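Structures are listed in the sections that come next.
Presented sequentially are two complexes of subunit A, the first with subunit B as partner and the second with subunit C.
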Partner chain A sequence: MAIITISRGSYSKGREVAEKVAQRLGYQLVSRDVLIEASDRFHIPEVKLVRAIHDAPSILDRITHGKQCYIVYIRSALASRAKADNLVYHGLAGHLLLKGVPHVLKVRIIADLEARVAAEMQREDISAAEARSLLLKDDAERRKWTQTLYGVDPWDASLYDLVIHIHKLSVDDAVEFIVQAAGRQCFQATPASQRKMEDLALACQLKAELVKQDCFELGVTSEYGNVVVYVNKGGRHAYHLDAKLAALRAKLPEINHLEVREGLPFPPAAV
Partner chain B sequence: MSLIAISSDSYASGLDIARRTAAALGYGLVDRELLASVAAERGLPQEQLVQALEETPSFFGMRGRRQQELLVHIQAACLEKLREDNQVCYGLGAHLYLVGVSHALRVRVLADPKERLAETAAQRGLPPERAAKLLERQEQERRRWSQQFFQADEGDPAQYDMVLSLGNLEADKAVELIGDAAGYRKFQAMTYSRKCLQDKILAARVLEKLLPQFPDIRVQASDGTVVAQVQSLKRDQRKKQEAVRELASQVPGVNYVEVHVIRDYFGQAAQSGR
Partner chain C sequence: MPQLTTDMILVMAMIGIAIFLFIVEWVRVDVVAILMMVVLPLLHLVTPKEAFSGLSSNAVVSIIAVIIIGAGLDKTGIINRLVGPILRLAGKSQSRIVIFISLTVAGISSFMQNVGAAALFLPAVRRISKTLKIPISNLLMPIGFAAILGGTVTLVGSSPLILLNDLIAPFKLKPFGLFEVTPVGLALVASGITCFVLFGRLILPGSKGQEGEQAATEQAQEPNHLLAELGRPWELSTPEDFTHYREPVTVDNLRRRYLVNVVALTEPPDFKVLGPGPEQEVRSRVDLVVYGQEKDVLRMAQEEGMTLKPDLEVFKGELAEHASGTVEAVVAPRSHLVDKTLNQLDLAERFRITPLAVYRQGETYRADLGHLPLRVGDAILLHGTWRRLQLLHEEGGLLFTTPLDTEQMRPEKALFAGLWLAIALTMILVFNIQLSVCLMTGALGMIVTRVLTIDEAYQSVDWRTVFLLGGLIPLGIATEKTGTAAWIAHTVLGAIGTVEPIVLLAVIGLLSTVFTLVISNVGATVLLVPLVVEMARAAGADPRMAAMVVGLATSNSFILPTHQVNALYMGPGRYRSVDFMKAGSVVSVVFLVVMIAMLYLFF
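== the complex of A and B ==
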């Protein structure tokens, strides 16, 4: 009864580890499905969501909020999946998208650059130099993506509970470690941590609905279904927020109480 | 039959895990207590050895060259101790110089960030924001230290076989995971990995001997053959080669010494300008 997020670089064998962990524990394996679900729910072409989760936001994106919108949709889809518990998510930034939920085991799988180059060469039938350059470019893009959107470095080990280097340790060893760690008491869902997960899903859903209606630069928190929307000064009127929230409140029965706070700093837990 | 090198962002947390791991597996513990014997055998002040492991060279602190010499003494003594199998090593930077020894499991343990912050704030009597800045600065200095003396970033997870964060994992679980990993076949001592360790020991002992006279020297060893790289002006080349050969040959276990000279162009330019 845990949620496991596996962060990985390309060709780091993270996918293989995730698949085996999900199989061993009988958990649901989620990766691209989140994008498909977000694509269906918010009527956005999947290709745009793939780009949003891969390419770092450009300066234009920062003005138009393009990529941030898609990330909000993806996060909402992932959070609603994670509500059901017993899930293994592999892909970019799962540990950041599900931040604040105590029973999430955050894992990063890394591999030697040389081994990754060899895998890329074999798969794409390209030279070592080309493979290396592609991988380094990909790593730089992922680093920039996380730094731009979350202000952290994905290579920072302190963001994870467990970092496993696939070199001397094999994929099966990594699976064994993850399964063992996931069995610990601290990663089991409790009523309180499950409540937090549901609150996160609710906050993400509300934010996604607001973003869909062109309401940007706002933060949403939820505690036991009591939702607070933080907006910058004057933002409430610019977005015609009260009317939109009234409609959304009717649409989302999980909301117990809804409040808008204007001009206050967004709390760190806000999505 | 393996070696476990533990590194941590918090000395106390890492030591606790190292002690527990050694006790759980019935392994020996090689920690900073070794420094007393290093100091006694080599006639060095023990405080300076601790300082060399902890501080980054600075204008007002210890000079880089002296620190490098002290670290090589520690490295030689530590590697010698690790010749015996089934050891847990902590606090001596072994994770940085055991690279290439396949039966060494290198683990980094990250302390619970909240506890670490609270401890630092309480110890130094600082508000949390200042304690956080202090920790950040200490981490940066630690990275500079490892990069300067071992050309590796201590904070980079790729330097380790596994990184465990104690924020959520309890110490007992971390010890269990380390013990399980150490039991894997890949971390069992083999003839080749023992040879790699033996070569590292010999290289460190030769370096101990040569470093005071040749601060820019680089040494590699393989089966009793030592290859040294030293910088020299063209006119001093032969003299330096002889001196290196003579000193290195005095180290027990050295059968043959090969000296490669790298031309010191900056020194040469400075000489010709005089």
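== the complex of A and C ==
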């Protein structure tokens, strides 16, 4: 009864670990299908979403909100899945997308660079030097991406509950550790933590709907379905927020109470 | 035409810095004033003696005395007693009520700080609105504007006018008498009130002609309905198995979950807790009283298996009207509560008072109240026993729009207060003694006759105003002494050519209005008076008249809710900035026209 996020680099065996953990625990496995669901729901070509979650946001995209809105959609899709509990997510930044939910076991899988180089050489049929430079470039991109969007370094071990280096430890060892950790009391969903998950999903969903209607620069919080939408000064009028929220409120019955706060600093917990 | 000197450039640079800081508000306006007080002598633009002469000026001493006299009048409740007779005179028609109360407020405001007079009437206006079922938004704005306009009736009515004599002194002009501005001021008050009586329907929010009237009024009153609904107590009891197999339920849990506020509950075996803290647990088989919207209360009762009682039973006595209730408190201008959150104030732990909702700019906030930084004009709906509310009131910073009966008044001293005010006025009018001396006599008299204690007098003085005035006066001196004022005046007049005195006055009035909206009224006065005096001299107009236009027009602050009175009434009146723009622009234009016409006719 837990949510496990596995953050991984390319060729780090993270996918393999995730699949085996899901199989052992009988949990749902989520990765790219989250993206597909997101694009289905919001009619965005999947390829754009993949780029959004991979390439570091360029200056242009930051101005036009391009990548940020894709992230919103992905986050909403992941959160609505995680609401059902018993889930293994593997991919970048899952732990960041589900920030604030207590019963999430955050794992990072890293692998020895030489082993990754060898794996990439084999699969792509390229030289060692090429493979190494590709991998390093890929790592740098992912690092930049998390830093720009969340202001943290994915290599910072303190972001995770477990960091497992696949080198001397095998994939099966890693699976064993994760399954054990997932069974601990602290990762079991309680009514309170489950409620937090549902609130996160609701806030993400509302925000995604608003972003879809071209309302950017918003912060949304939810507590027991009591939703507060934060908007910069003047934004409420510019976005015709009241009318849009009235329509969305009818669409989202989970919303129990809705308030708009204009010109106030967004709280850190806001999505 | 004078030559441009280095000193002049320095003074202009200082003026530029002052205006810039006034607008961006990196530091508070009074700190800007103190900065001027310190930097000007360092740059040798004024002598050290001149730099601090502002603090001993007629203006600063007068304003200290006016504040003390105002506090004395407030303390005796003399003003509250005026309300009854006025209402009897006014009857039940909205127009008559607006006229009578506005005139009274204007009258009081002409001898008190405007915001003080406005604050005094807030509870009374609220009560009138409730008993006569007139939307409060129809009353507060005219009354607030009247309080501002009342400041133009006498020379001690508002800070700019108090400053005027000190600012024209370096130019060797004859000082103004206390009532020299009165004809113009009265015309301004009259025209302001007339505006609302005649065009109130058009310019006040919530009344847009005949057609949409119904809907608009309903809309304007909706928040009031909500507040009324929030102000109803519900008594419930928890079931036998309430705490079984679950984490402890606290008062805070219920508030976060259902947006209902627990104001009283029983603790086994038979304790009654009023105003429980957020951490207080709600146990099985207890009775509790909550405030909240009906749908939320019903949802809680259903989901938690609580039994809703038709009426208060257990807490009938404790929550009876004579013992406790809900009040609306407004965050006062310059209150220490500004920018603090309700969590930081911790009213529940410190006073056993429960905040129910916050009202700001047309919005009622109920969710996540604890993290909301308070602003001037926010109206907070509070519940508690009258005694506790009284303690909170004494701490200051909040203006209660519902009067607390237990307020410590000294009505027996009303006679003395009135007497000393009369003595001060007689000294000014009959014996022609300097303003500051007369007013200080009145203030001292009130202290000696124990209308208020000397400590209360000290506490009532607003140091921010004192230093704002005292610090900006040297800037005025420097502008005059270095010839900067003369230089700018000549340059401007050289550019626009010769103009009719009346046109010049109109332009000065307009300029002052713009300045007072952007920077503070005192700042505008200090910067403009030396300038316009020189301009008037060069253009052959009366320099005293020009100075008077500045002193009056800096009170023409209606378009934005930047004036303290407007900021104060914004929350209780449920106004938005747009409402001020609509009504304010009409009143502002009328103000300028009437002022210029009066000056033209009388002088």
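By definition in this document, the second predicted complex is superposed on the first by the 271 of 271 C-alpha atoms of A that agree within 3 Å, B and C clash if a C-alpha of one lies under 4 Å from a C-alpha of the other, contacts with A are read in each partner's own complex, and residues count from 1 in each chain.
Rule of thumb we're sticking to: a residue touches a chain if its C-beta (ideal position, glycine included) is under 8 Å from a C-beta of that chain, and two chains touch if they have at least 3 such contacts.
Source: prediction; values computed, not measured.
S.K.: Given the alignment on subunit A, is it a clash or a fit between subunit B and subunit C?
M.R.: Result for subunit B and subunit C: fit.
S.K.: Using the superposed model, give me the angle at subunit A's CA centre between the CA centres of subunit B and subunit C, as a multiple of 10 °.
M.R.: Roughly 100 degrees separate the directions to subunit B and subunit C.
S.K.: Name the contact category of A:176: first (subunit B only), second (subunit C only), both, or neither.
M.R.: A:176: touches subunit B, not subunit C.
S.K.: With both complexes superposed on chain A, which partner does A:224 reach: first (subunit B), second (subunit C), both or neither?
M.R.: A:224 sits against subunit C, while subunit B stays out of touch.
S.K.: Go through the superposed model and pick first if A:140 touches only subunit B, second if only subunit C, both, or neither.
M.R.: Neither partner.
S.K.: One more residue to check, A:257. First (subunit B), second (subunit C), both or neither?
M.R.: So A:257 only meets subunit C here.
S.K.: Output check: A:155 vs subunit B and subunit C. Expected answer is one of first, second, both, neither. What do you get?
M.R.: first
S.K.: If we overlay the two complexes on their shared chain A, which of subunit B and subunit C does A:165 touch? Say first, second, both or neither.
M.R.: Touch status of A:165: first partner only.
S.K.: Just checking: does A:129 make contact with subunit B only, subunit C only, both, or neither of them? Give me first, second, both or neither.
M.R.: After superposing on A, A:129 lies clear of both subunit B and subunit C.
S.K.: Just checking: does A:192 make contact with subunit B only, subunit C only, both, or neither of them? Give me first, second, both or neither.
M.R.: In the superposed model, A:192 contacts subunit C only, not subunit B.
S.K.: Quick check: superposed on A, how many Å separate the nearest Cα atoms of subunit B and subunit C?
M.R.: Result, nearest C-alpha distance in the overlay: 16 Å.
S.K.: Can you check the complex and tell me which residues of subunit A touch subunit C?
M.R.: Its residues touching subunit C are 190-192, 221, 223-224, 226-228, 256-257, 259-262, 264, 267.
S.K.: For the complex, give me every residue of subunit B touching subunit A.
M.R.: 9, 102, 105, 108, 110, 113, 155-158, 160-165, 167-170, 173, 176-177, 180-181, 184, 186-187
S.K.: Applying the document's contact rule, which stretches of subunit C touch subunit A when the two form their complex?
M.R.: Counting only subunit C, the residues touching subunit A are 246-247, 256-259, 296, 299, 361, 363, 365-368, 371-373.
S.K.: So in the complex, the part of subunit A that touches subunit B is made up of which residues?
M.R.: Where subunit A meets subunit B, its residues are 102, 105, 108, 110, 112, 155-158, 160-165, 167-170, 173, 176-177, 180-181, 184, 186-187.
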